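Right, I'll just put the structure down here and ask away after.
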Amino acid sequence: MRIAVTNCNTTQAMTDTIAAGARAAASPGTDILALTPTWAPESAEGWLDSFLSATAVLDLLRTCPEPFDAVVLAGFGEHGREGARELLDVPVVDITEAAAHLACLLGRRYGIVTTLDRSRGLIEDSLHTAGVAQNCVAVTGTGLAVLELDDEERTASALIAAAHDVRDHGAEVIALGCAGMTGLDRRIQSAVGLPVVDGVAAAVRLAESLVALGLTTSRAAFPTPQPKSRRWHPDDDSGR
Amino acid sequence: MRIAVTNCNTTQAMTDTIAAGARAAASPGTDILALTPTWAPESAEGWLDSFLSATAVLDLLRTCPEPFDAVVLAGFGEHGREGARELLDVPVVDITEAAAHLACLLGRRYGIVTTLDRSRGLIEDSLHTAGVAQNCVAVTGTGLAVLELDDEERTASALIAAAHDVRDHGAEVIALGCAGMTGLDRRIQSAVGLPVVDGVAAAVRLAESLVALGLTTSRAAFPTPQPKSRRWHPDDDSGR
Amino acid sequence: MRIAVTNCNTTQAMTDTIAAGARAAASPGTDILALTPTWAPESAEGWLDSFLSATAVLDLLRTCPEPFDAVVLAGFGEHGREGARELLDVPVVDITEAAAHLACLLGRRYGIVTTLDRSRGLIEDSLHTAGVAQNCVAVTGTGLAVLELDDEERTASALIAAAHDVRDHGAEVIALGCAGMTGLDRRIQSAVGLPVVDGVAAAVRLAESLVALGLTTSRAAFPTPQPKSRRWHPDDDSGR
Amino acid sequence: MRIAVTNCNTTQAMTDTIAAGARAAASPGTDILALTPTWAPESAEGWLDSFLSATAVLDLLRTCPEPFDAVVLAGFGEHGREGARELLDVPVVDITEAAAHLACLLGRRYGIVTTLDRSRGLIEDSLHTAGVAQNCVAVTGTGLAVLELDDEERTASALIAAAHDVRDHGAEVIALGCAGMTGLDRRIQSAVGLPVVDGVAAAVRLAESLVALGLTTSRAAFPTPQPKSRRWHPDDDSGR
Amino acid sequence: MRIAVTNCNTTQAMTDTIAAGARAAASPGTDILALTPTWAPESAEGWLDSFLSATAVLDLLRTCPEPFDAVVLAGFGEHGREGARELLDVPVVDITEAAAHLACLLGRRYGIVTTLDRSRGLIEDSLHTAGVAQNCVAVTGTGLAVLELDDEERTASALIAAAHDVRDHGAEVIALGCAGMTGLDRRIQSAVGLPVVDGVAAAVRLAESLVALGLTTSRAAFPTPQPKSRRWHPDDDSGR
Amino acid sequence: MRIAVTNCNTTQAMTDTIAAGARAAASPGTDILALTPTWAPESAEGWLDSFLSATAVLDLLRTCPEPFDAVVLAGFGEHGREGARELLDVPVVDITEAAAHLACLLGRRYGIVTTLDRSRGLIEDSLHTAGVAQNCVAVTGTGLAVLELDDEERTASALIAAAHDVRDHGAEVIALGCAGMTGLDRRIQSAVGLPVVDGVAAAVRLAESLVALGLTTSRAAFPTPQPKSRRWHPDDDSGR
């Protein structure tokens, strides 16, 4: 089985981090195809970035020459999920919903620790749309921008502070709210004493499960995009 | 006062319809600047189209050389709203939410008649995010695609059938769920006996109201996009 | 266009304040007809006052000899709205819902600063009934009674404190929760750094918009009161 | 123990029906004091009537020379409840909420059969405010006006039809949605095969329970009305 | 009238406390039949205990040789309620829902003070299922286990602290969240200044009301258990 | 990895069916330990059965001499889940929630087809408690009792009819609402044209995922049962 894992920004180092997290989580025999958009923001923080990222990721997926059996969208709170479901015949799992689904299995209330507070609204809306917002009690920012996560010590320290905050709001389980945090789950779990779910790992496992069970997106929910003229960028004259 | 009204697709004829509807609704002294994306789908029907359209509209707004005092986003259920609020210092009103706001003033329960059923999910999510979904009882498609609305007789007939359907679901007010339906409100109102709100008209009036009252988007909700490298399309090397 | 703006209490000075706020917000060509009930409480603070006020306002509207094109009900959280919609053929806009509608266009979460905490319940219920409660995160009292608002310095100072409180609860936009606060929006906005919506101004603009667009209350939602014997007060023998 | 049961309209025959229903439900030793407003509509059907009725009932209660230990407000969906709680030191139970409370003890989902469809909105709002709307699946009108309920055969027949309708919407318990229906519960119950709750009977029993347990309204929720000048009607110069 | 009041644990001293509370609340002429499970936990604190307790209580009720007219289930937050409704032809009232129903009649928002925080989730779920969770603002533990409630001074002191906590969360009415707290309502009420509802007393009065009004569980909601082979414990060969 | 899969009733043939379904879904290297309660109902249909089953399953798990890495509770809508989470240090996944989690990844709205209508309430409550009820649009019974599912033709035919019903209510994905339906997913999927999720298969995959990712139940949510005297059945004198 091969799972395409797409970064939502153009920063290759983040794709590498995500790919490592995905591979660590994958079952034996699962191949991870890590993808980076050729255009998009260098990091997605807010709605404007998120919409731009969504389009770039969709453009990447529609033009990807490689075959794959499922897609993991590795942008926490980022848009694009439903568009990818329309576009592709294989299952699509977004790391936002994936973290929430597993968190619901571990406790009655969960919270999310993320990068900047400006991402909070996107995450809340994404959880609601995915049908798993009910048990989320808090989304707390660390104050670190996406591209500042490369300093692991500073990141871990900020995540632990944010994790204590969501615990104080009643969270019994914590989800890491950025693809770039993948791999830090065990460390935060030890420090805070609550289960910590990494969305990349969760999404890889959920995608594998859907493929293994022969399940894919409902066309009643997400019909194939209609054939029509679409210009994907100013110089696109392909008319698809 | 000048209000930029953006079509969300590349079809100029639809921009013309929207511009006519906006001008008919505007106060004396309000100038309507009608904008058409240079790239995007020719019509937006579904999530993939909506994300692509959102990015194209944001690209259009960020590069628009003309000044304006407010923006009306004329794509019913289409994405982009929150990104435009981040991008711009002037108020942004989306026709989806605008129709719902006025509908709430006219009855306890409202319904929406739209183009294809595949747009229903987008509209429901957009209303929820805007905080006005509570009193919406139904979103019903006419079975007509966006670009099929040019046949006014067929469109009116399909809208009346859909309006009866939402009325049967308890709607006491009806909103027209596509920018391309602008101008048909009176006709449907006569046929169905319920008030009919046209989102383009509603949004123009709400945008005027915000400008007149000196109100604009809260930066606590929608901070300005961070300065960073963004590639808006494959050939974009501007680094903004 | 002429808009009747009704105070909900018998204090003429408050009617004057409201009228000034309404006129400052109105479009050129809109005439404001300010009305004061001849009976009612001198100020409405709580449910008993609110029901008494509602009846007095309805009595005022049904007996008003002057023509008008729309009504603005200038009692924040006060009852009567749906009764006026039954009674009249012209649109009716309540300042509570009006403030909330515009607040929703400016941010994801709004809060309300009002007079006494005892009004909180009325305001929460009114927002829910109007369909716009979802994004309200807090209603905070200033501790000032309605008739204590005439000391502008004290009022502004108390409003700023309450505004900081609702901001701490997550509000990104603030609505002034009493008709008697009209005109203080700019000052609070400067002090707190969030957009501040004045319900009287918002309602005038929304009422104008409905009139301009030819929209009025749905009779499916609010049918005309049935002809029957009604005694409006102990000495009423008119039998309507 | 003496319970004041207030009709919400001026029709004495309906007061007599309500009093008979209340007495049939009361415990031995409970005295029913039946009250009729001296002003108000002859029947309450819709918001305008409901606000007028609320004020008249509050006027009645504040001027009632008789002592009582609790109040039952016998207007289904009618306003006034929270005002009476502010006004009085004894418990206040409204027949709308009372019917819902007992219905929740008998099944997972309940429905309400009422007079005219125009009362539906009032009932829905009243249930929500009382905190018991969650399990209500339908409110269905019989098409009979309040003053048409005196024909028992026609009423029973219409109620049975409406009861089948709410059962089809999932109701497992039925509440009679008008004070004037009191006494018909057993007959409808036999015909439909579901438990039928009469709000007047339910409210009398709940009021007795509160009195017996020494419980009354929370002043933190409903503080005593402030001393101020209130004109209860055009000729009121008492200044209370 | 005879009401069976079942303790949910095997501790006879707690049954005695509950019986005393039930008798103090009952109407003249109501006989209280206090029951103790012969198997179950000695106290129920958490889900495992609650499910075990539910089964033991159902076993107790199905094998009880004594007749009764209604059942009160005296375990706050404990399971079993719906099973008892299936099993019995007489009304069943659980003290959790009973406390909430009366609390809703006394204020707009209520809170619950209970034993250990680990019971919070059970109580929240039970209120939701009963349809009365909407107005509950907080469930706060005292830190005392069920069997530690026998020290009245310590219990009262801990309850008062917890009561202040729920008041700070907006509660205007307080419910005692453990059957073993019965009888302490007046004392807490005096100390905190808010009405305090005792679930045992509330349930006894509600059960009496249902019996008096001839109301019992809807079989459409809770059909009689199907005849089938059930082994109630490892040595049960009765096959019912 | 070894996963204990517990039937919730005493019927060995159903355990065999469940075990076969679990093995078909499991990854290579996962060992399925199928367990049958020694006491309980022969099938669980309704609350009384469900509570009895929950206790029997907890008794089975606490006395099971075999080691295992995770538990799958194979009773759709049945109680016990949270108690097992308190009892065990390994992850616990219930087939009800498992089916819902995967269904949410495949469409915006899902529906459930189950055995008898009397199970509907249990399923609805279980989904709500698990935090995944938001997107469930319908739970429809087939009219077949649990032990009637052995006739595969009749079962498939009834399931297809029920599946059409939930589709008519807006379901875009269908979940099989009984452990005994495992293995029929592909057949229903072909007939109805919507993805069909089998809860047993889904739960096995989710349990594997949690184990693989080193995640287990939050003790902040579900603390270990307190040491105390518990009698698990009338003849239990072990005092645990």
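Going by the order they are written in, the chains are A, B, C, D, E and F; count residues from 1 in each one.
Following the convention adopted for this analysis, contacts are C-beta pairs under 8 Å (C-beta built on N, C-alpha and C of every residue); 3 or more make two chains touch, one makes a residue touch a chain.
This is a predicted model, so every value here is computed, not measured.
By the residue-number overlap criterion, the interface of chain D with chain E counts as same, with over half of its numbers used by both chains. Computed from the mean C-alpha positions, the centre of chain A lies at a distance of 28 Å from the centre of chain F. Spacing of chain C relative to chain F, judged by their CA centroids, is 52 angstrom.
Per-chain Cα centroids separate chain A from chain C by 44 Å. Multi-chain contact residues of chain F, defined as those touching 2 or more other chains: 108, 121, 128, 221-222.
Taken pairwise by the contact criterion, the protein chains form one closed cycle in which every chain touches exactly two others. Touching chain D in their complex are the following residues of chain C: 10, 38-43, 45-52, 54-56, 58, 79-80, 82-87, 118, 121, 125, 128-129, 145, 221-223, 225-226, 228-236. Chain contact summary for the complex, chain D toward chain E: residues 25, 27, 91, 93, 97, 101-102, 104-109, 128-135, 167, 172-173, 186, 193-195, 197-198, 201-202, 205-206, 208-210, 212-218, 220-222.
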